[in-house]
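My questions will all concern the structure given below.
Labels A, B, C and D are assigned to the chains in the order they are written; within every chain, residues are numbered from 1.
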Amino acid sequence: MLAPTTGRGLSRAGRLAAAIGLALLTLMTVDGVYAAAAVAINAALALCLAAMIAEWSYRVWVAIRVRRASVYAASFAGIADAAGALAVPIAFAVGVGAQAAWLCAVVWVLKLVPGISGLRQLRRVMVLESASLISVAVIFLTVLFVASVAEFALEHEAQPAAFSSLPATFWWAVTTLTTTGYGDVVPVTPLGRVVGALVMISGLGVFGLWTGILATGFAAETRRENFLKTWEAVSRVPFFAALGPSAIAGVTNMLRTIDLPPRVTIIKKGQPGDCMYFIASGEVEVDLPGKKVRLGPGAFFGEMALLGNNVRSANITTTTISRLLILDLVDFRVLMARHPDLAATIDAEARRRAAENS
Amino acid sequence: MLAPTTGRGLSRAGRLAAAIGLALLTLMTVDGVYAAAAVAINAALALCLAAMIAEWSYRVWVAIRVRRASVYAASFAGIADAAGALAVPIAFAVGVGAQAAWLCAVVWVLKLVPGISGLRQLRRVMVLESASLISVAVIFLTVLFVASVAEFALEHEAQPAAFSSLPATFWWAVTTLTTTGYGDVVPVTPLGRVVGALVMISGLGVFGLWTGILATGFAAETRRENFLKTWEAVSRVPFFAALGPSAIAGVTNMLRTIDLPPRVTIIKKGQPGDCMYFIASGEVEVDLPGKKVRLGPGAFFGEMALLGNNVRSANITTTTISRLLILDLVDFRVLMARHPDLAATIDAEARRRAAENS
Amino acid sequence: MLAPTTGRGLSRAGRLAAAIGLALLTLMTVDGVYAAAAVAINAALALCLAAMIAEWSYRVWVAIRVRRASVYAASFAGIADAAGALAVPIAFAVGVGAQAAWLCAVVWVLKLVPGISGLRQLRRVMVLESASLISVAVIFLTVLFVASVAEFALEHEAQPAAFSSLPATFWWAVTTLTTTGYGDVVPVTPLGRVVGALVMISGLGVFGLWTGILATGFAAETRRENFLKTWEAVSRVPFFAALGPSAIAGVTNMLRTIDLPPRVTIIKKGQPGDCMYFIASGEVEVDLPGKKVRLGPGAFFGEMALLGNNVRSANITTTTISRLLILDLVDFRVLMARHPDLAATIDAEARRRAAENS
Amino acid sequence: MLAPTTGRGLSRAGRLAAAIGLALLTLMTVDGVYAAAAVAINAALALCLAAMIAEWSYRVWVAIRVRRASVYAASFAGIADAAGALAVPIAFAVGVGAQAAWLCAVVWVLKLVPGISGLRQLRRVMVLESASLISVAVIFLTVLFVASVAEFALEHEAQPAAFSSLPATFWWAVTTLTTTGYGDVVPVTPLGRVVGALVMISGLGVFGLWTGILATGFAAETRRENFLKTWEAVSRVPFFAALGPSAIAGVTNMLRTIDLPPRVTIIKKGQPGDCMYFIASGEVEVDLPGKKVRLGPGAFFGEMALLGNNVRSANITTTTISRLLILDLVDFRVLMARHPDLAATIDAEARRRAAENS
């Protein structure tokens, strides 16, 4: 926990400055706009940079005070902060032109990205599937090299400008193997076209492998994340406590977790219903005719639409930040079939509620 | 249930008008055709618009009469109807040219689309997988931005026209990252080409993630839809009633539902057979030599081809709209192995039928 | 069984004629080659056509003789034969030019294609997944239409030649949505490029759905085909007869079937081994030091490499057309763990063999 | 085991020579660089070739000495060595130009590739899925041929240069079907564009099938490889010996194997932990306050972070080359639920360790 309470607001301000700075950077390169407002854009960019430097200085100071300077400096956030604060000044110091120096502000993108949890997943997938991905990269590079040599031998004489050297032919090969196909360099000899066709078809194959590996890995990772998050929540719902630990693992695979802010309508009266909900934390309000009932952690709702008629009978809204577990109709039926005792509990509660409200 | 009986015919007429209108819209932009038949096309388009307005007015009137005006106005159909009726008149009122005004009739496409059930599935997949899809979009945008800045820095001097500003470079980057590769903007410097090659390869990776997430989600959703539809039907077949509820969940995963119109030949005599059928609702006619036998809901047929010889022994045709459950040979064998009692029932019935017909 | 014994040779001759004919057709369009050998190519093409007509006449005659003319005429082979025989003569009769008439010989490709079993699978996948595929097609067409209208409105004035009408813009849209990107029609206005970028990204999404649906369907279909083929073979191996029918379904999923011609070496002495084999039909010869042992249907071999040392101890070759069942090391271990009696049988046999050969 | 101890160093030297040679080959084709340093490049290439020849000669000599010359000559390494040594000399002997002769050195890539284990997997996938892949190739070729004939008929008159013959049209078709879309040959007639659009859409379909088949096959193969590797290791950990063989197959599917060099920090104090480790071979050092504890084969560690608090309590480092089995938090919970005795063992050990260190 690096940041004290002020750190969080600072962090948000830093992100805002980074986003504004990147937008200004884009505007700066448009000649017409820059000609019209050069001073304003330069001033605003300088302000953004000042914000970066201020944030970094503050964080370094805090880190030194709590004696974690080396941890902070080696962390992703620390590197991003340092790069954001130093890249442009260093570029100016080195003496490159003003525009080129400001372009170094592209490193501010680092401050915007790490907030996305999906990137952590992607990194895990990359690590776990690294053996397969390296194999595909080797195939890619081998095809690239062999095809380039063949095409160079076949096309160099016919098109000495386009296929001037092997590195120039690599450009053709990578354009073709990824099926991008700019069309700036195109084989014209019959044999050169046969090689080109083989490269395109290999491209499909390489692409297929790549897609398959990433897709399989990402799917497994998503399942894993969901399981971890749901397991936490399931263990807090007393309804499932009666199940043995082995059955809980099965139930966890059936549930999905969602986090909702306050005042979100989860269920609308009169709509078709195909799932029920368990409250892991938070609270919801059921809008019954003439009264409002509140349900807290451990309670469930929405089960009536799964037990016969398919239409929701009341509006249900969150009153606070809530974590809910969703059980789909499909899985509801499988679960009730496997655990008749749970079915009885739900049935009894549904009947009690129906009696109360009629 | 918004629409009275006349509402359905109206709905069909509205769709027809939309389809004709969109075809006319296309013709209108072809100079030769329009020059030859401007009056006819304009008149027909006006008629289509009149139909849209008429349908919308009628629906609003009905909705007000049944006091559901706000529900209708907020529904997808209500929005589509309103947009279809109002877009072109508003465009004319605002004072844009005639052709531009008629182009607004593209919103009529909304009246054609919502009939497809697959779109509901797609929306569900989008919602469920939103976290992953957003991660991929963030990766896409980050690569796009960083690559554009790098390419702008590397190519701006060599090609000031093509890489004139960062927004212009975004166009190159998106063309390359999606592997579309128009070839209108192409890097020429060696380092620019290296960046270009990295962008293409990243494009394959981003594409692979995207494909994988959508594909996995869509497959799960299709399975879920099929389960819901089949569960309904299975529970109406007495043959499966003997199974416990847990086994029924298993059986449901083995069966596929199909809905057939009357007078469709399900089984042709003499053809090889690799599945058997259960009738969930409707009726079929078995064309035996010398007599015709009718089978109603709950009956099964086609089992003989799975019990020894592989050739169908009679034509079987639907007599009315029917919902059938299909059990594949593979699953038939697994099911019979797991539930010997079902195997016995089918065996007995098959022997009875064979005896009767010999 | 349409064809008598001579029918098979005829069928092969017909295919050969079709293949040669298509090659000649290709040569015919190459000006230099045709100028040099017009007479020879024309004569050879006429011969191929004569072969088509002869085959079709013979088959019609046979079909009439066995009173199955209508069945033959409606079958795929019948249609292919008729089209192959009639397309070119009809084209000549209608009076089109000689080259155009011969191009109609492209229907001969129908005679080459149906021999591939994978196409039957593809047709099944198309039928089973038709609902999803239609949804994707609808999304594709909707995006195509809406994007074309938007791009036409945005680009028509800037590029009246390229975006001359909506149909012309459809060409741009389909080129972009499939990420082909010829580059012959490219948006140039800023807003037009934003629409273009959205179309490209939608293209990735549509493509992802399409890929996912086809891939999932094809995988399921392949598994199903393999199960059917293997089930047949497993039931003929006495070794598995001791298992109950339910366990056989499990075993079937572990095995793969291969069909081998005579004199193929299945196992090479000294190579690492990671699977064992069961003979469903046919015969193999084990090349032991000093003697040759033959194993017939129901026997198994290759188990020793799985029970300790990993190196094959003898050459094993087929003596006749054989169907073998392959059990991978992974599945071998799982199977032995689940069925200790099978493990004991294999162990005993392996020990007997080792004793015999030492 | 062909190579004696010196063989390994030789092999590494051979690879290095191949890599340097290929880089020189690339440089050689760049006019500017070659003009400046022709003598140096030629000399270095000749040295690389000499190294190839030396390595091959040595290996042949060794193979003859141990009487395995025919095995070596037929092996992949043997062929690669022979090709690497002979290709360039033969090209010079045949009398092609110097540059063309040196381009034959592209075969040196064979010496770099076979070290990648992923290629073996790819070959297995190709063999196992060959039936499906051939089906897709047939569909690809059929669409290619039929579309080319149609496009030739439609576009030959409008663009006699671009669509000059069927082979020239094949080039257009393969460029379009793979969605590469160079744009050098583009249909201009309305019907020709409709055919072009259909080819692009077919391209997506063919691509989807191809991707799906390769992806499914590769995923299965990766699982299989991992299972084999892990099974070996699991059977060496006494902790799992208590489980029956059937349960071990289940556990194997939960574990992943990693091989680590010495002095790698596996666990960092203070970091969040979501997996535990079993030592299959090698040794690790736990850096406890005041003392260092070493754990050998069969021991486990990292379990405390899974039993309550989520933060690692000590640094753990390998002391030698070690093979570890990783058990994820998800699978840890499932495993503990299924096997309460394992849970008890881990719990007891964790409590003992906690008592010892407090």
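Throughout what follows, contacts are C-beta pairs under 8 Å (C-beta built on N, C-alpha and C of every residue); 3 or more make two chains touch, one makes a residue touch a chain.
Everything quoted here is computed from the prediction, not taken from an experiment.
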Chain of greatest Cα-centre distance to chain A: C
Same or different residue numbers at the chain A/chain B copy interface, by half rule: different
Chain B and chain D, separation of their C-alpha mean positions in angstrom: 38
Euclidean distance of C-alpha centroids - chain B vs chain C, Å: 27
Chain D, residues touching no fewer than two other chains: 167, 179-183, 207, 211-213, 215-216
Contact footprint of chain B on chain A as seen in their complex: 22, 25-26, 29-31, 100, 103, 106, 109, 113, 116-119, 121-122, 140, 167, 170-171, 174-175, 178-184, 206-207, 210-216, 218-219, 222, 256, 274, 328-330, 333-334, 336-338
Chain C-facing residues of chain D, complex: 128, 131-132, 134-136, 138-139, 142, 145-146, 149-150, 152-153, 164-167, 176, 179-183, 186, 190, 193, 196-197, 200-201, 203-205, 207-209, 211-213, 215-216, 224, 227-228, 231, 244-246, 248-249
